[in-house]
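Okay, so chain A shows up in both of these, paired with chain B first and chain C after.
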Partner chain A sequence: MTIQPTGVIHDIGYRHYEGERLGRGHVVAALTRHSLRGVFGLGRTAKAKIMPFLLAMIMLLPAVVSIAIMALVKQQGLQYHDYATIMQPVLAIFLAAQAPYLVAPDLRFQVLPLYLSRPVTVLDYLGAKLAAMTSAMFLVLATPLTLLFIGELLVDLPGPPHTTDYVASMVSAAVLAVLLASLGLALASFTPRRGLGVASVIAFYLFASTVSLVFYGAFESMGQDDTAKWAMLINPFFLVDAVQVSLFGTPPSNGTGYPPGPWACLIVIGVIAAALSGLVLRYRKATSS
Partner chain B sequence: MTPSVTACISTEGLTKQFPRVTALENLTVTTEAGVTGLVGANGAGKSTLIKILLGLQPATSGRAHVLGMDTATQGVDIRRVVGYMPEHDCLPPDVSATEFVVHMAQMSGLPRTAARERAADTLRHVGLYEERYRPIGGYSTGMRQRVKLAQALVHDPRLVFLDEPTNGLDPQGRDEMLALIRRIGADFGISVLVTSHLLGELERVCDHVIVIDSGRLLRSSSIGEFTQATQAIAVEVEDGLQSLAERLTAAGEAVAVQGRLLTVQVPAHDEAGRTYDAVRDAVCDLNLNLVRLEQRRGHIEDVFKEPAA
Partner chain C sequence: MNAVVADITYRAMLGRKRIWLLVLLPVALIGMAALLRLIGGWDEHTAVILMRTFSISTMLPLLGLIAGTGVIGPEIEDGTIMHLLAKPISRPVIVLTKFMVAASLVAAFGAVSTFVAGYIMVRDESGVAYGFALGSLAGGVAYAAVFLLLGVLTRHAVTIGIIYALVWEGLVGGYVPGARTLSIQQWATSIADQISSSAFFSTDVKLSFAVPALIVVTIGSVLWAGQRLRSLSLTGEE
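== the complex of A and B ==
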C-alpha cells in the first residue's frame, strides 16, 4: 500500500513584479533616508555606531550641564548663540568622520554606475547625499539647542524666555549644516579612500581656523583692527556666527565682532556655491569616464 | 503593431566619437525579444554601446531606441525598466547581499516591502542561499557575479544588459552563468543583451548575434543563420579518403581533409541536397566503405573569421 502524499512543494518559478513603481522623488527620499541612517551607523556594524553616537553625546553634555546650572542657581548657563562656536571641534570631527562615508565607498567600489543605471541622475544622487549630511549636522547641533530651550522653559527662569535667541541659533544651525555638509562632501569626494577623506576634512578645518587666528593676530598687532575682523571669517564657524550677528543682532561669540554689513551672508552663499560646483564637477568627471 | 513594440533595441547610424578614438561608427542594428549576443574584441565598443543605450552618454550622431524609447530624451524612463550588470566589480564589501540588493531595488523605485520580497526571490533565482546574509567582502568571484546579476534583475526589468557576465569565472561557473542567462531569456521572459569576447559561449545561449569590430557592425543575424551558413557534413570512409576528396573537388564541392575525416561545406543557398547527392554518388562510384556521414554544426568563430579574410 502506498502512502498518500500530504503536501507538495511547488516550484513557482519566476514571478513578474506587478506592483507599484515609485517616482524619482521617492527614490531620492529613500536614498536620503538610507544615507542619513548610515551617517549614524544605523544598518551598519556596531563599530560604525560608536563614533557618531559618542560625538552626538558630547554635543549634548554642555546643554545638560547648562540645564543643571539653570535649575540650581536660576541663571542662564551657556548661551544659544555661542553653542556652535564653542562646540566647533566636535562638529568638525563629526563632519570629518561621517562625510567620507557618504561618498567614498560608492566611488572606491564603483557602486555609482549601479545608481546611475537606475532612474537616478548624478544630481539626484548628490542631492540625496547632501540632504543626508545636512540633516545629520543639523540634528547633532539642533538637538542640544532644543533640549536647552525645553530645559529653560521647564526651569522657568526669571524674566521672559530667550525665544528669539533660540530661533536665531536654530536658523544659524541650519546655515552651518548646509555650509559644512557641502564643504565636507566636496572635500571627501576628491579621494575614493575613506581615511584620506577624513584626514582632508579635518586638515581643512585645522588649516582654516589656524590661518584665521594667525591673520587676526598679525593685523591686530599692526593696529588694523577692522582688517583683523575680516580674518575671523576664514573660519567657517565664525563665518556663520557673523551671519547670525548680521541677521538677528546677537552678540558676536568671538568677543571682537565682525565686519559690518551683509558680507558674511554673501560669503556663505559664495562658499556653498563654490563647494557644490566642485562636487558636481568632480562627479561629472567621475561619471563621464 | 508598430515596429517599436517588437524591436527591443534599434540604432540608426549611431556614432560615438571620443577625443582620441571612435568607439562606434555608423552602427545600424535592430534586435528583437530574446537573448541577443553582442560580440567583439576588447575595445570594440560594446560597453560604450550599452552606456548609450542606457541614456548615460550622448551619441555623437545617430539615434537609438530601447523598448521604443529614445535614449537621448527618455533615459530615465528607459532605466526604470532596464537592468544593467556592469563588467567591473561594483559591490561594497561591508554589506550583505540581501541588504545590498534590497537597497538597489528601492533605488529602482520599488517600495520597501516589495523590495525585500523581490530581493529574496531574485537571490534565490540566481542561486544564492544562506550566504546572502554574510558581508559581500567574503564572497568568491562566482558569488559576486551572481549578486551583480541579482541587482540587475531585482526590479523585474523588461530588458537586461549583461556586460561580460562570465568574466573571471572558472569553466563550471561559466556554464552555470550561461544556463542562468538562458533561463532569464526563456523562463523569466526578460530580453537579454549579453556581451562577450568569447564567441563559443554566446552560441550556446543566444537567439541572435551581433558582431562588432572597432565600432563597426560586422554582422547581425539569428543564430540559425549563423550556423546554417557554415553547415558542413563530415564524411569518414575506410580507405580512399584522398580519391574521394579529389572526386568531390572535381564536382565543384568545397572539401577539406581533417585527419581521418573529410569535411564538405554545404552552401546555404544550395538547392536541397545537391551536396549530399554528390557525396553519395562519389562514395558509390568509387566503391568505398562509408563509416560515417554526419552533419557538422558550424561554429560562430568560423563566421567571425570570414569578413576579416
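== the complex of A and C ==
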C-alpha cells in the first residue's frame, strides 16, 4: 500500500517580476511626485481638491488685481518683495492644511514598515516628503509672482522692468518654502491625527506672529527701537523678508526694518537645521517601535 | 447632561497629546506676562496689547478650536462615535454634554490664564484683568459651540475654523468694519471694554448687540449640532 501525498503546492500562476529594477532613486522620485500630487488633491477625491485649489486661487487674486491696476493706471500695484508677507495668513493656512496630509496617514495606519521594506531608507522617505512640501509651497507663492512679472512685461510700464526685484522675491520664495516645509512637517509629524496636526501647525504660526507683535509693541513703547526690530524676526515670514533685505537690499516690508548684519540668514539656517533634526529624530522613534 | 459621556470625553481630551496644545498656549501667555513685567514693560498699554492680540485673538480661537472639534471630531473620524450613538441617549443630550466639556475646558484654560496674566501685568488697574477674563470666558464658550458644530458638520472642521478665525476675523475684520460685527472676538472685546475702564482700547460693536449675539450663536450652534447628529452619515473622504 502506497502512502498518498497529503500536501500539494498548486501552481496558481504567480509570476516573478522580470523587468528592469529601477532602484532607489526612482522610488524616491516616484514618492516625491505622488506626494506633490497629493498636496494639491490630485489623485484624491474631489473634496480633497477644494481646499488646496481655493487657497492657491486666493494667492493669485492680488496678482490679478495688481495687473488690472497696472493696465488701467500705468502704475505698479503690489510690489514683488511684499507679496509673501502680505499673503502670510493664506500661506500659513495652506501649510497647516496640507503638511499633515503628507505625514499623518502613514503614521496613523502604520505603513512605514511597508515603505522601508523596499530599497527606501528613512532619510529617502523624509527627503521625498520634504521635497514635495517645499515644491508645493514654492509653486503656490512663485506662480502669482511670475504671473505678476509676465503681466508687468505685457503691460509695458514706463521705465525698466523690475527684474531684480522679481528675482529677489523668487529666491526668498524658495528660502521661505524650505523653511515653512521643514517646520510644518516637523510639527505635523508629532501626531498621527490630521486635525490635531493642522491645529498644531497653525498654533505655531499664530503663536510666533503674535509673540513677535506683542514684544515689538512692548519694546517700542519702552523706547528701545533697536531691540524691537529683533522681535520682528520671531515671525518666520518677516525672518525670510529680513534675509531678502540683507541679500538683495529690497525695502523691508514691515515698514520699520530689521537688525543689520547677516543674523537673519544664520537664524534661518539654524531653524531649518533644528526642524530637520526634530523630524529625523521623530522618525527614528516611529520606525524603531 | 450625561455623566458617563462627560467622563469619557474628559479622559479623551486630557489623556492624550491634545492636552499639550491646551496647556502650552495659556502657559505661554502667563510666561509672556511675567517676562514683560521682568523687563519693565508692564504699563497698562502693553497689558492691553497682550490681552487683545495674544489672549483674545490668538489663544481663544485656538483653544476653542482644539476643545470644540476635539470633543467630537476624532470620534467621527475613526467611526467610534457609532458606539456612542447606538446607546439609548438622545443625540442632543450627547451634543450638550460634549459642549459642556469643551466649554469648561476653554473656561479653565482660557479665562483663568487670561485673568492671571492680566493680574501679573497690571494688578487690578482699571479692571483690565477682570474685563478680559470675562470677555474671554464668554467668547471662549461661543467659540467652543461654533467649532463643535463645525466638527459635526464637516471633517475639515479644523481648517475651516482656522480660515474663519484668521481670514474673516483677522484679515477681513482688519479692513472691513462691517465684518467686525459678525466676529466672536469683537463681541468678547466688547464685553471686556464694558467692564474695564482702560482708555487704551475701545470697540466698534455695541454691548447691546454683542451679548445677544453671543447667546444666540452659542445656543443656536448647540441646537443645530444636536439636530445634525441625529442624521450623521459616516461615509466620506479618507
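Here is the rule we go by: the second predicted complex is superposed on the first by the 277 of 289 C-alpha atoms of A that agree within 3 Å, B and C clash if a C-alpha of one lies under 4 Å from a C-alpha of the other, contacts with A are read in each partner's own complex, and residues count from 1 in each chain.
Assume a contact is a pair of C-beta atoms (placed from the backbone, for glycine too) under 8 Å apart; a residue touches a chain by one contact, two chains touch by 3 or more.
Note that the structure is predicted; figures quoted are calculated from it, not measured.
Touch criterion not met for A:274: it reaches neither chain B nor chain C. Of the two partner chains placed by the overlay, chain B and chain C both lie in contact with A:105. Residue contacts after overlaying the shared chain place A:27 against chain B, while chain C stays out of touching range. Of the two partner chains, chain C is the only one that A:195 touches; chain B does not reach it. Contacts of A:150 after superposition: neither chain B nor chain C is touched.
By the touch criterion defined above, A:114 lies against chain B but remains apart from chain C after alignment on the C-alpha atoms of chain A. Contacts of A:45 after superposition: both chain B and chain C are touched.
By the touch criterion stated above, A:65 is placed in contact with neither chain B nor chain C. Counting contacts as defined above, chain A residues 44-45, 105 meet chain B in one complex and chain C in the other.
Per the touch definition, chain A reaches chain C in the complex via residues 44-45, 47-48, 51, 89-90, 92-93, 96-97, 105, 190-191, 193-196, 198-200, 202-203, 206-207, 210-211, 213-215, 217-219, 221-222.
Within the complex, the chain A residues that touch chain B are 13-17, 19-24, 26-27, 30-31, 34, 43-45, 105-106, 109-111, 113-121, 287-288.
Of all residues in chain C, those touching chain A in their complex are 17-18, 21, 24-25, 28, 32, 36, 39-41, 43, 45-46, 49-50, 53-54, 57-58, 62, 65-66, 69-70, 73-74, 77, 156-159, 162-163, 166-167, 170-171, 236-238. Chain B makes touch with chain A in their complex at residues 54, 56-57, 76-77, 79-80, 82-84, 86, 88-94, 99, 103-104, 106-112, 114, 118, 121, 125, 151, 155-156, 183, 187-189.
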